[in-house]
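Here subunit A shows up in two complexes: once beside subunit B, once beside subunit C.
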Partner chain A sequence: MDKPSYNTDIVRSFINWSIVWGLVAVLVGVIVSFQMIAPDLQLPPWLTFGRLRPLHTNAGIYGWGVGTIFAMFLYIVQRLCKTPLWSPGLAKFQLWFFNATIIAAAVTLLLGYTTSKEYHELEWPIDIMVVILWVSFAINIIMTIIKRKEEQMYISLWYMMAAIIGVAILYLVNSAAVPASLFKSYSAYAGTNDANVHWWFAHNAVAMALTAPPLAMFYYFLPKSTGVPIYSHRLSIIAFWSLIFMYLWTGAHHLLWTPVPDWIQTLAMAFSVMLIAPSWGSVINGYLSMNGQWHQMRENYLVKFLILGITFYGLQTLQGPMQSIRTFSAFIHYTDWVPGHIHMGTLGWVSLIGFAGIYYLVPRVYGKELYSVPLANLHFWLVLIGQLIFSVSLWIAGVLQAGMWNAMNDDGSLTYTFMETMVEMYPYWSARAFGGVIYLVGVLVFIYNLVMTVKKGSDPSPALVEAEGRA
Partner chain B sequence: MWEKKPVLFMLLATAAILVGTIVTMVLPFAWVNTEADRIEGVVPYTPLQQEGRDIYIREGCNNCHTQTVRPLVSEVLRYGEYSKSGEFVYDRPFLWGSKRTGPDLARLGGKYPDAWHYKHMDSPRSMIPGSNMPDYKWLRDGQVDPESVRNKMEVLGFPYTEAQIADLSGKTEMDAIVAYMQKLGSDIPWREATQTEIVGELTNPFPGDPAAIAAGEQVYTDNCAACHGDNLEGDIGPELAGAGYDDAMLFELIYSGITDNGMPAFSSLGSEKVWQLVNFIQSKE
Partner chain C sequence: MDLASILYLGVTFGLFAIFAAIVFRTYRRKNKDRNESAKYSMLDDDE
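For the complex of A and B:
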């Protein structure tokens, strides 16, 4: 066993905490979905829809999303660089500071301290905590890469480094604000400028936090799970560089038909459509890597999560560009179609890859075989069905409401009042809440399976021990 | 070779990220919020309005309401004049939103009288049956702190007078948010400019038709009863039973509203429903 002594304790901790925050995100999501159909279900001032919804999105993006990124990257970087983590102490600090930041975020959001900017609601003191957190993470990853024993940097490392740089630039620029008190600040930009800067941030946060990192995980875990390499290295190179180049032009597709200058909207629309190519570069690379291995979809639950995950990525990156076209945006924007779209990305793509990564890592970092493969399969079906019910019902709702908003009488007057269109949404919102509950049950099955793995999992197979260099 | 050199790799990745960033995010500062963008009449928020805006932010109203009207026919008909860049130069942060669970609010100012807003914030469903907006009655318990508002006005660099600050004592958070609602989109005189002008003879298509009267009663319950009372006896708005309008005049008042006194235009109901309403009201003479 001539392997470096990799640091796995920190990976364990990040896995555990990311799951805790993931559960919070889904649970709060289910609560707010019921608040939309039962408006009296509020406990003002702290537990109202307006304050809980940002908690749901922040727990999902920063707690679960970024938490799993930390866990996976800290594991993968050591393996790909064939060297232990540069600073275990810094990683430990990062773990506790991560939890402190998420707790501070949750508390302040419920107290109503918010900038109102979607996915960047945290007020300036918490912003500073996020920056410190990200820098401590970045230093550890980059230094480990610099000190690596393997000369060639694998694809996953490219996506990691791009994510680290991208998130840093986006977050810093969009944070700019003038504090008025400890928990109140005013944006450094006003009106239309503020909108343009913000959606440049928000759309590319999706690129740099919820696209590049899951791709890094996918490119690592798929070959590890199937035992065969990625189909084309050249395709990976083209997909990577064109993705990180094109993404940054597209933020204003969230602002079509608003007062933002037309040429920015047109560029955003054009680049959004062009983004189909690099996105599908990775999807096709994933599919072709399955050549001769498709039987593993039946036999290997990890492959099932990964391939369904990349499939939802493919669908997401077709639907997204479609929504970025002016005419389609005019129809569908501001309706429930959009949350349906977002949740295909988060519940389908990002979370399925996250689940696969955790299923891959837990036996390795705890030295136990997975407690139950049938339960992992049950988890798979529950989250898949839950997510489909969620998204499909909202897509139907969105088309219905958009059609009603635009309906006109022969004399040129509107056919429906706003309320007549809104009350039509209730059945679909109920279906969405139902889908969310199924997803929540799926997550609980997942957690039960992992807890039982750690408590009662059988000793690892010789192959697992060989791969990890530890018992 | 970049696959073997992490520092070079990171420089290249940064460059790739910065191109689109500079073109679509940095350059627009040269065009937006410049003098050419300015609109006469658009003024900063007063202390009470700004406090209301901060409460709007605190309560996350932007999660369900947008504040930008797109230049699309159905949208302009429903909400009013489309939004212009120059109207938002004092908005820090912007509050355009991304989802209309409730209606757009960019042109809400002046649509309803204050009394409507107080009642609606107390209990939205008492005014709009079927609404899923939560009650915000509890904003009446929050007191505005004049000194903190003064501080915020200083940070924002907005003009204010001592009298305005003094006026804040005794004001509740509800007063502030209603003041903000009434400012929204009203810096330009769009309501007067876009008043629907009815041309030609207005003829009641179903005078005294019992089916139209029954349909009109439902329209009344959904859209009018909150202000004019369940039995047309009047409340926020005047009593309607036996008001003595002729059909055409009544149609015009409902369809176009009365800009000055808080009677909203109900053109968004469409002409057929307005005529049903006219016949229902006339049946209550």
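For the complex of A and C:
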């Protein structure tokens, strides 16, 4: 059968830009982690912790996370549908609009414009840019799926569609605001309702931006890398629908012990615990797909990234439900435990899968063999060690912090002042900064390897040429 | 029980029913080959 002429230029560009924003996110992450141990390290007003922190989270989630989503989805959708992209022109527009939006976001955040809603800080004009961006992406992917040549839809396509539709709904609902001036708006919701809608958005952003897309990539890149199919497509379908069904109710686990009605909190708690099942449905599917293939963990660097990635997803989706239980939440909420959780997800799960996807794609879209497999392995170990130092030190810090906050004297007064608990954190925050530097070095090795691949990589193996139909 | 509670309960059971139908349809022996076929065809799309 003639191979369709897939559009690879746009995939290349998105890979390049997502790496740029990923580097910014990690670099700023390292800077803010040093600002926490050396509070004098601030250049007011633009480069203070308060301005750099949202820049870090936005660059991480929207620049790096969503940037890789764009690159991978645009590649995968063409392959799984066996048809070229519906509109290359629209994809090009999406690329430039994506960068314009991220730059506008970065500049306004540094200037101090913010809605003050975490993960939805951008003021209304940039909100509108985000909507235009997402609609252009959504139309292209959905139209490509509609005109597909392959009748059965592989599981990755289901996760991709969920992410596209899910993000659109969440973002639109949570964006509702009344503009007061060009860079100031007031939420359309008030008080507790505002908080409830916001955390419904934020947790489902975790679902639709940091869970569904990496799962789509995992289900695609694992079999592609090992050469054997996933264990069960039917299991993946059931896990998908149950994940979609359960996630939407869990937002209020961020609002335990708040004025949000008790029944909403309890509902969120119950559904969060139930989420273990669909999450582990995918983890187990991934592990069982490795039956007879475990030797590839030693031989194939892609498999290492993917299997460690899904393992961190598994751990994340056990830890998350635990944090959703009222008594446990009462202990760890507001402590450093939570950034430990977040970075196991973002650095362990989301980024490892993103790295694997990029390693898989770069040789294919540039038509070159990877410059150095040993460097890819070095990258793997650096980011793994960096992330573990980061998360483990913060979990210990969180437990210590919670213990100190809860300690009471016989007369019922608090044993420690807040300042004393802060001072105790310094060694752990230093360890986090150290872990962050190791991670950053890993990312630099990754970038070096890719640059050298493009510049000096040898011609592709015949299999790769055949794969891209360039022979 | 007021109308709102009956409605909530109805929606919840409705969703469970839809989910049960998905499970039934996916795992029906008759559909096995069709539902597993995508995992094989995805492997030969560009390899």
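Operating definition for what follows: the second predicted complex is superposed on the first by the 469 of 471 C-alpha atoms of A that agree within 3 Å, B and C clash if a C-alpha of one lies under 4 Å from a C-alpha of the other, contacts with A are read in each partner's own complex, and residues count from 1 in each chain.
Rule of thumb we're sticking to: a contact is a pair of C-beta atoms (placed from the backbone, for glycine too) under 8 Å apart; a residue touches a chain by one contact, two chains touch by 3 or more.
Here the structure is a predicted model, which means the values were calculated and not measured.
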{"item": "Partner chain(s) touched by A:191 [first = subunit B, second = subunit C, both, neither]", "value": "first"}
{"item": "Touched partner set for A:229, first subunit B, second subunit C, both or neither", "value": "second"}
{"item": "Partner chain in contact with A:64 - subunit B first, subunit C second, else both or neither", "value": "neither"}
{"item": "Subunit B or subunit C, by number of subunit A residues touched", "value": "B"}
{"item": "First, second, both or neither for A:360, with subunit B first and subunit C second", "value": "neither"}
{"item": "Subunit B versus subunit C as contact partner of A:152, first or second or both or neither", "value": "both"}
{"item": "Which superposed partner A:241 touches (first subunit B, second subunit C, both, neither)", "value": "both"}
{"item": "Where subunit A meets both subunit C and subunit B, residue numbers", "value": "152-153, 241, 245"}
{"item": "Subunit A-touching residues of subunit C, taken from the complex the two chains share", "value": "15, 19, 22-23, 26-27, 32, 34-43, 45-47"}
{"item": "Footprint of subunit C on subunit A - complex, ascending", "value": "3, 6, 79-80, 82, 150, 152-156, 220, 223-224, 227, 229-230, 232-234, 237-238, 241-242, 245, 463, 467-469"}
{"item": "In the complex, subunit A residues that touch subunit B", "value": "35-37, 39-40, 42, 44-45, 48-51, 53-54, 112-118, 142, 145-146, 151-153, 158, 161-162, 165-166, 169, 173, 178-181, 184, 186-187, 189-198, 200, 241, 244-252, 254-255, 257-261, 264, 267-268, 271, 330, 333-336, 338-339, 405-409, 411, 413-415, 417-419, 422-423, 426"}
{"item": "Complex interface listing, subunit B residues touching subunit A", "value": "3-4, 6-7, 9-10, 13-14, 16-21, 23-25, 28-29, 31-33, 37, 54, 57-64, 66, 68, 70-75, 77-78, 83-85, 87-104, 124-125, 128-136, 138, 148, 151-152, 155-156, 222-223, 267-272"}
